[in-house]
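Okay, so subunit A shows up in both of these, paired with subunit B first and subunit C after.
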Partner chain A sequence: MTVIRRVLALTSGRIAVAVLAVIALLAALGPLLAPQNPLATSVRTLADPSAAHWLGTDYLGRDTFSRLLDGSRVSVLGSLEVALTALVVGAVPGILSVHLGRAFEWVTLRLTDTLVALPFLLFAVAVIALLGNGITQAMLVTGVLVSPLFYRVARAATLAVARSPYVEAAIVSGASLGWIVRRHLWAKVLPPLAVALAQTIGTGFVIVSSLTFLGIGVQPPEPTWGGLLASDLGYLAHQPWAPAAPALLIMVTVWACNLLADAVRDVSGEAGRALVDRRRARVHRTDQAVTTPAGGAR
Partner chain B sequence: MSSNTPSDKPSSALEISDLDVHYGPRRRRRQALRGVSLTVAPGETVGLIGETGSGKSTLARTVLGLVPATAGSIVVGGEDVTTYGRRRWRALRRRGVVQYVFQDPLRSLDPDLTVEESLSEPLLVRGVPRAEAAGRIRAHLDRVRLTEELLGRLPGALSGGQRQRVAVARALVTEPRVLILDEPVSALDSANRVQILEILKNLRADGVALVLISHDLGSVAGVADRIAVLYRGELVETGTAHDIVTNPQHPYTRLLLGSAPTLHGAPADRAERQALRALLHA
Partner chain C sequence: MTALAALLAPALTGCAGEAASATGSSTLKWTSSYFPAHWDPVVGGSGAQFRELALVYASLTRTDEKGNAVPDLARSWEYNSRGDEITFHLRSGLKFSDGEPVNGAAVKAAIERARKQKNSALFGDLTSIESVDAKGLDAVVHLSQVDYQIPQLFGQRVLQIASPKAAKSPARLDQGPVGAGPFTVTQLIPGTKAVLKKNPDYWDAENIHIDQVELTSAPDAATVISGLQTGVYNFADIEPSQASAAKKAGLDVFVQPGFNASNISLNINKKPFDNDKVVDAVRYAVDRQEFVDKLTFGYGETTDQPFPKGYVAYDPKSANAYPHDLAKARKLLAEAGYKAGDLKLDLVIPAEDPQAEIVQSQLAKAGITVDIKIDKNWATPFFAKDLTFSLYSTTGRDSAAQTLTAHFGPDGPLNLSSPYEPAGFEAAIAKVRETPLDSPEYTETLRAATRAGLESKALVFTYSQPNLIAKSRTVSGLPKNPAHIDWTGVTIGGAE
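For the complex of A and B:
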């Protein structure tokens, strides 16, 4: 909770949270807000923007704006699912690998090596063939395949502090593993994990669309941001501006995620606390200068 | 001789018998401690002296359960802890019977936690309510000569002496019966050194058994009742501080005493030190 309060004390943190809140709203309400049926085709193919079609129509005459809104939920949830699966499957064993003995460490390290060595698409196709095709299965598989990044990041950050005297001091005080993780490790592991999470959310959009292209996960004609971008790119000669809208949405979301990750990194740790204190002090001084009459400012 | 349940009045706060400790995997096993026996009575101060790598910190870490013993026994506050598993160790630690002040106070305090958060940790871990912990911390501040205004600071914003006193205060909040301090004054200036030694004297008067680990005989001789000299993992000499300083028996102890840096070392002293070194390496 402290981290959230500190992030919100930074301007960049507030901007990131505001943008991501808008994206979340879009994901929640997008399909309801779509003015037209996103799957309905018409003879007005590749039409320019107009009052009826704000962003024009695609090569099958479907309303692009409606497809963009309708596709927001599956795109955002899909990439979130990838990132959160990777976080849970990767970071938790990564932190525990330092604490739960050599056998656990060895097994998790070898599993991670195996996952890195697996060819991504082949593995995804094989698992989908076993579990059945669906967006949830596809995203879970992708999350597992991305998890080595989180395993490595979490393990490296944990290793750096696990043998430090202050963690040993906590052990000597009788602290449990849960306490040590919550009290000492979390603040050190969170910043690099936040950066990895932001990066993975960005990659998630691309992965959702790549899998859609192969017929895995989201099935055509259901729209996704990545899918729209891919199909618009095929008609660049007719509508050179068309990829701008889905590209802008993906870009803004990834940018906001990165901004948030940077803010989390900036406010974490000793330096972060000092940074937030300095900002608060500056704001406090400005407030005082505003409320104090000009003659009594000194 | 020893039991697993705490007796009402243990005659010794800490009793180490024939302790062996090994490091490393089986093929490259290295012996860190060999047949170490040491007893510390309540209210007694024992100085553990030895050069770097002699096994001083390993001995302390074994007493705290951070390093497993290969052979021998350790009895802390009347409890034989030698065969304790992780769970029983945690239960013992939460009672705060034995506490440790780490060598480097800056690194032994979490840089992200305020002084108050660090001091309250041993109490919160035991399930003491936050408000009660805050009160108990404040009661201990006076004991280590710290003021309440420091509670909100981070370790990085404290002086070396203040950090060391915070580290001592953290060890004291659980009212330990045995307190092990690793090089408590070696990194401090003389004013802070005196302050820490004064605090330790008061603790001794309160009946706390103190083990002062140091590589410098001079910094411990003035406060310790007894001194144990550790050399290459073995206790080579144990005696009262007075006896060790005035009548050292082992060549290594004599070498330690003769190694105090001086600008006017006579050739005869140098020759004696060389002879002692030759004797040790023989």
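For the complex of A and C:
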């Protein structure tokens, strides 16, 4: 809660949260807000924007604005799926690798190295060819491939804490691993993980958009932002402005995620404490300025 | 920005043109959506890529502007009196690019390879061939049935002839083609680029005025047009959606005649298409004009047969047998026991295709729910006839009988309902084979076979996609050989 308050105390944090709240609203209500059936075709193909079709129509005469709204849910949920899969698959073994002995550490480190070496797009295509083309399998695969980031962040933070005197004292006192993790590790590991999570949601957007741009992970005619961008590019000669809307949405969302990640980083750990100290000092100086008469008035 | 581009584009194009003429050579820079995955014609099959392979390989026959078989490597041919044996007489003194002679033995080897090679995509097209005898420059083909379609069949689609020496290693031939065609390959980057130079030993070399060919795999549709504008390419097949941009860019845009036809493939061996009423409901639910309007930008046309209107085999008596009638479609579905929304189908296709979205939307109006499933391994279940509902687009064949058997024959690769064939089709197609192509009865016999084939419940034809091409104005006009791209007599930048 303190971290959230600190993030909201920053201008960049407030902007990021506001933008992401709007995107979340689009994801939740987009399909309901769509003024027309996003799948309904018409004879008015590749029409310019008008009162009836705010962003024109696509190559089959479907309302582009409605498709954009309807596509928000898949795009947002897809990126969340990537980030949460990566968090679970990466962070848990990252923390445990410090405590479960050398064999576990060696195996997880080698697995992580292997995942880092795999080109995620090619691997995702290969796995989808095996499992079938669907957004869930595509995002799960991508989440696993992104997980080394969380593994490393969680492991580095855990290593720093695990050798501290109070943790060693807890071990000597017979505390269980679960208790140590809950009592001492979470507080230290969560802030860097939160930064990585916010960053990964942004990366997830780019990945979802890239995969759906290539027609992977989603079955037509279901709209996604990346899919809309891909189909718009095929009709640039007719609607040169059309890719702007999905591209802008993707760009703004990724930017907001990165902004949030920066804000979380700025208010976490030592930096966060320093920020709070600076704020307190500023407030203190202001109070003094208010209570102390100006020098010239003496 | 636009003004700057307008100023720079002609200047850049001009530079490219000057560079070409400075070297004194004419180069065809062809970017193709059908860059061959296989350069062994036996593996490549008779699909769209045969046009690119025809740069390297010659055939016994070729087709003229009327689609008739005319001499190529064979200077002439004749049938025996029964029509079950044909002898091809080859031109003398011809060689493959590896120095091997072009003779009857090479023809025999090519036919036998197409029939027997394990990964051959052509064996199904050669069911009439019993055996081949090589006699010097003659190849005598013994047939298992009377078949006057053989000269049409042994053209560029089915019998591009490779050097028998090179073909001893099919795997090497597949990425190092050796033929007796107008060009020879000097560099090949698989899947990406091929550089070819003129073959001085080609039998018609004097009519080939192109010195070099740079064949590349086409980038995305919009990039092709800008590549043509700036001189990166001077010849390309384009999407209909790009035609207006190509014209605005001052390119020469034209439709090469062809036999293209798209269809909805149904498997009547599986539910729900084992019910004739469901099949008929799909037939009546299809609005062909929507495909033409939305996918071809006015360059294509509707068709309800496996070839476009106007083709010799197109049967006017069968035209419009199932007009768009949603009320009738719904009634037939109800009679088949399906209420609106009851019937759910998976439409399995290899890649995203707006055709599928149109089918989905049209069938939805009739009360059929269609889920589009993209299967990257689509070809395996499709040709194994395991799918229930799919789409296919053919570029046609030079032999009308081959087109018909491919779609309607019991083993036809495009008949998703194998071994089903419509009643009377086998007799009708046998009659076509038995009728010489110059017989006055040929056209009506062929159309009767089309009529018999269209009784098939396995296929619903929709529209004919145009062979749309954009080229630089420095490339002269192509011969109008239907479905082919023939470089004979074509000049670039006025060079001869």
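Just so it is clear, the second predicted complex is superposed on the first by the 208 of 298 C-alpha atoms of A that agree within 3 Å, B and C clash if a C-alpha of one lies under 4 Å from a C-alpha of the other, contacts with A are read in each partner's own complex, and residues count from 1 in each chain.
Convention: a contact is a pair of C-beta atoms (placed from the backbone, for glycine too) under 8 Å apart; a residue touches a chain by one contact, two chains touch by 3 or more.
Since we're looking at a predicted model, the values are computed, not measured.
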### Message
Under the stated touch criterion, which partner chain does A:Leu60 make contact with: subunit B (first), subunit C (second), both, or neither?
### Response
second
### Message
Taking the superposition on A as described, I'd like to know which of subunit B and subunit C A:Gly178 touches: first, second, both or neither.
### Response
neither
### Task
Kindly classify A:Ala129 by the partners it touches after superposition: subunit B alone (first), subunit C alone (second), both, or neither?
second
### Message
According to the stated criteria, A:Ser164 is in contact with first (subunit B), second (subunit C), both, or neither; which is it?
### Response
first
### Message
Taking the superposition on A as described, I'd like to know which of subunit B and subunit C A:Ala187 touches: first, second, both or neither.
### Response
first
### Query
Once the complexes are superposed, what residues of subunit A are shared between the subunit B interface and the subunit C interface?
none
### Query
Which subunit A residues qualify as touching subunit C in the complex?
39-41, 43, 45, 59-61, 125, 128-129, 132-133, 215, 219-221, 233-238
### Query
Any idea which subunit C residues touch subunit A in the complex?
220-222, 225, 239, 241-242, 244-245, 248, 290, 293-294, 351-352, 354, 356-358, 360-361, 371-377
### Query
For subunit A, which residues count as touching subunit B in their complex?
164-166, 168-176, 179, 183-184, 187-188, 268-270, 273-274
### Task
Quick one: which bits of subunit B touch subunit A in the complex? Just the residue numbers, please.
64, 66, 90-96, 99-100, 102-104, 107-113, 118, 121-122, 125-126, 154, 156, 170, 174
